[in-house]
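As written, the chains take the letters A, B, C and D, and residue 1 is the first residue of each chain.
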């Protein structure tokens, strides 16, 4: 027995040693002598866990495309290099990952896509090291943190545009169906003002926890409230779940929907039960214009069928290009980037975005899905300014 | 009235999801934390086959078949070695299985949320309420499954064998029952139930690799409330379904989720043996 | 074998502690900034892991919600060092050192207090052993959604952030967390190696038996659960002060499961294993997850399955054992760990001639559900007598003992113990009764499988008083009769054998030795001779006589009438839940009533001996 | 059915409680194993029945090797066993326990009636849960279940433990009938010397994992010899 045990233990420790040592000599030491040192970007997003979903494919593709463009066209004074890391949908992991990116991989900037808690946990390390952190997503406004830039529309920019459009189309009574999270709860009062300013009202609201599998009670409440349209502010799989159940429920068949957080792909996967949904975003794959076409074409060249030209891809793409514009000389580093960022504008696939304070002014498109869930653009607003004014 | 139908549906969903966990815990004393991962596999199989032009029912059947097969593989590779171990071990091992399955799905299919179209659409009007036909179908299927299971357990020879294995496994072996086979089949049956739950709920949900994982804790508590009896499971699902529906309808869905959990905590404190018929 | 393991464990403990200290001293010097930060963070996780190991691995409390206590500690620090808007926006963060220390203290106390409340609720009588797992799981599952409901204190969905304590550099944080980890580890190692640690293992192995040894199991479990929570809270507070961020997932089931993985990988019930395992997983995990971001959780799952299936004891213990064997050689001699020392106490004054009652039972009724077992038992048990209860199967003999040693049973009638004062029996729990000097030997030996014979006896001698939390008793003081029992039942040379290896007969002997080692005044024995051969019966009979002579009241249930006749002072005949007759053995054997009810084939039995 | 053990070893984990034991029970014989406690008697029976993994040596049942076979396969060859503990299905009713005993044998109504005649108390309690029976009644139920399987070999572990003398007589009668009328082979471990001598055709004494004495039960001065062997 003992010999058996021992040999097993020895074998196991050998395996452990090999695996660990293999991993240890992993991704370090890529610096090439002689060259200009590349600008390293850490890109953190949820690749696993419950928050994985929306951004995983598009975000990575947009990022890689931007890095390729910058390096091949020498758009920045230093070459770019990206390191992708998974925050496992967990703030603890996010904090750890960012420390690794910053203190071990020595990145010069961080781009992140993911839940607020992850972003804030990550930002601790970025702040400590004094490097810029670009959040490439749409999210709550009003956060003025020295190194954190939101490279995507803040909630008010898209939501208020969306609300105005719906009311304009004759839907004056609105219902606000949100995920149970403070940014979404916080977005309700300004949305109410926006609706009232346009001549409508928000007549009811409910908030459901993430991971809700059965929305029948909410649908009953909505049916009882008899709004003209529902604004869906649900995240991830919940939005699809809600839309599926909404689409299959004849009690609410007459009520229009406006979605705020679903990706185009998710909308499309809804098929017929995803028909006639309003939405607003800073990018749709159907945006007109040459830049948009070229962006799609480049992604398709790189990824073929897997190409995901969505809003996540665009925001990551823009974030990298913003960084590139801030790298003006071979000596530019984190400090110079931080100084330059507040005054940078980027011509992205959707049009021009301009960083103003910690947020951007951006084009906003209002779309509506057709009979098979494809988004058609119904209105375009260029250069929508952020509500927040950070010094 | 709508609340009543919503409650019935909610109870059915709880039953559908928990019944596979129930048979595995009841017969094998194994907590299968990979249950919702099995459901996710089923729904992705369904997605895959509908994506390849199969009709829904065929895809659903294929989804159940894939999950059943997966259950057999997991049983053979892992669970077989956990018989007689402490319940903590089974929790950890099946947790590991679920990590693997979920991540394999994420790698194979990507983690983007998608969905699959329900095979039945439209509603019928009943007692002044519009009821979705697909939901009625789910409720009816669950009712059939539970009734059939009750009949089998109570009246058939197979049911007696199952109960023998449940109360005294070594003795069941001692009277000639191949209990290893019974347990093997139980696990596979549990996986098949997960497959059924996954494929049936698929069209009502957004599909991502962490499909249904939010149901794991509450269904696990429900199964504990069942006292390892089918009647107990029924009671437990009714309690949970009522708590869920009433608190969502007249309160707040966050509180509703917490209340389902609280129900289990209170019930198991007052009746540690679970919600079972009083024995004469 | 057990002794060999025990000594090896000592060596392992030394080796691993040395390794831990070594890592702590050198890690910061050789590592770069990232490794230093990673280690510092891993140390806080390691504290949480060993606190879970104490609760789960040692005391056997299935804890599925340990993240809760970690989260409470972290949230206290976060909440007390930030100012937050009504909707959860962080307005300002950071405070002076005193505030951090105060916040950490509040966190620890709050975690301990809440755990005590949860424990009080979940461990109380009537709840099953697994109930705490349900409560833990439920709390962790509920805490995550509930977190966002109180944004004023928690920062809502986005959590609190930016409050990291600025007074320490990375290296200083490293030393601080290493020091805390070492202190906690040392404290817990002393604790689990002490006599109290023995008690924890006993609770894990066989809770019911611990209760009958006079220990208030609930209180022990609440204490250990609270202590575990306090340490986890400390870990959380340290983590939060270092990281400066707290959010809902810190409370959730995923984190709780991750903690269980750390403990399982490191080896349950080893304290050092989980500490080292957590740190190794932290270091290796960060490397692997960087190299394989998509596949990492797949690896983790695979590793977990392999470890649970093939390395039940965790990965580290077998490696460490192999190391120890390599260092010490496999022929290493086991040390004799514990021995019995007979006290000089002389027997309590011999039997009272006045024969006053020790127990008065009148009109005792008891039913299991609808099955009425005791239907009006009236009996007086005298001080210092050896009373045998006989009766046909199903007469209620075992049930009578069950009820007499557990006043919390739902019975009707009067039972009073007259040990000095008159004490009513009703409502008094098993442990209270045991502490008052009324003990019980079980029909089927009910032991602690992982503990040695000596450890059983040591526990019994405490008779319900909490043993020292730091001392490790080697010489166990026992009444002389315990030594006699050990000698007679062949236990003397086997003090270091674990109970799982004992044969039935020897286990019976140990049961008796334990019962007597508590220095009882009344002993109930349920069929002490069941499964013994005639010769062994004779030995047991002699021992029982010795007990009775030493002034202990002995009440036993017996089938073998011949045996009863030989040893009993008095015999009580129980039939259909009532006492038919009480009297001298010879008188009972002759009684027609008894013969009619009971002795169908007395002659056959009698002829054989 | 004939049972032959040759150099049979069995135990728990690494501890071999039964050590190279050889014993043969001829068809129709009743062999009773006596011995002090902890000598490996129960382990021997459990080992024969295949409950203990890692048993070694040879066990031939009706001429066929059964070592290493799973319990259920062994039982299906016509063996019925009642262990010392856990010999009934506690959560099942008495009637269901009886049915469990007949799952593989289908003995027919007449035989069932006959068993109930042996143990009338079981008939009264048909619908009661077996777990609520008294210890003695559970032994009766276990024996009834064993007999109902119509086995060719009965293996019993202290079937009389905890039984009052009157019931021991019932057990004796039932087993005697079984052996005389159906020619069933019996192997049992007993503490009750009276029952042992009344039933056995041969007595074996076990000590520290081995058989130290085998004798015909009707041999002269068997009692004194047994007493001598059973002394410590």
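Just so we're on the same page, a residue touches a chain if its C-beta (ideal position, glycine included) is under 8 Å from a C-beta of that chain, and two chains touch if they have at least 3 such contacts.
Given the structure is predicted, the values throughout are model-derived calculations rather than measurements.
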Mutual neighbours - chains that touch chain A and chain B alike: C
Which of A-C and B-C has more C-beta pairs touching across its chains: A-C
Between chain C and chain A, distance of the C-alpha-averaged centres to the nearest whole Å: 50
Where chain A and chain D are represented by their mean Cα positions, the distance between them in whole Å: 72
Computed distance of Cα centres, chain C from chain B, in Å: 34
Whole-Å gap separating chain B and chain D, where each centre is the average of the chain's CA atoms: 42
Multi-partner residues of chain D (at least 2 other chains): none
Chain A: positions in contact with at least two other chains: 47-49, 180, 209
Junction residues of chain C, two or more chains touched: 145, 148, 294, 297, 369
Touching pairs among all chains present in the structure: A-B, A-C, B-C, B-D, C-D
Touching residues (chain side chain C, partner chain A) in the complex: 32-35, 37-38, 41, 87-89, 145, 148, 151, 155-159, 161-162, 164, 243-245, 247-250, 254-255, 283-284, 286-291, 293-294, 296-297, 311, 315, 318-319, 321-322, 325, 330
Residue ranges of chain B touching chain D (in the complex, touch as defined): 157, 160-161, 163-164, 166-168, 170-180, 279
Chain B-facing residues of chain D, complex: 49, 51, 70-73, 75-76, 80-81, 83, 86-92, 96, 99-101, 103-104, 129, 145, 149
Chain B partner contacts - residues on chain C that touch it in the complex: 56, 62, 64, 121-122, 126-128, 130-131, 134-135, 137-138, 141-142, 145-146, 148-149, 253, 257, 260-261, 264, 294-295, 297-298, 300-305, 308-310, 312, 369-370
In the complex, chain B residues that touch chain C: 78, 81-82, 85, 87-89, 91-93, 95-100, 102-104, 106-107, 217-218, 220-221, 224, 254, 257-258, 261-262, 264-265, 268-269, 272, 279-280
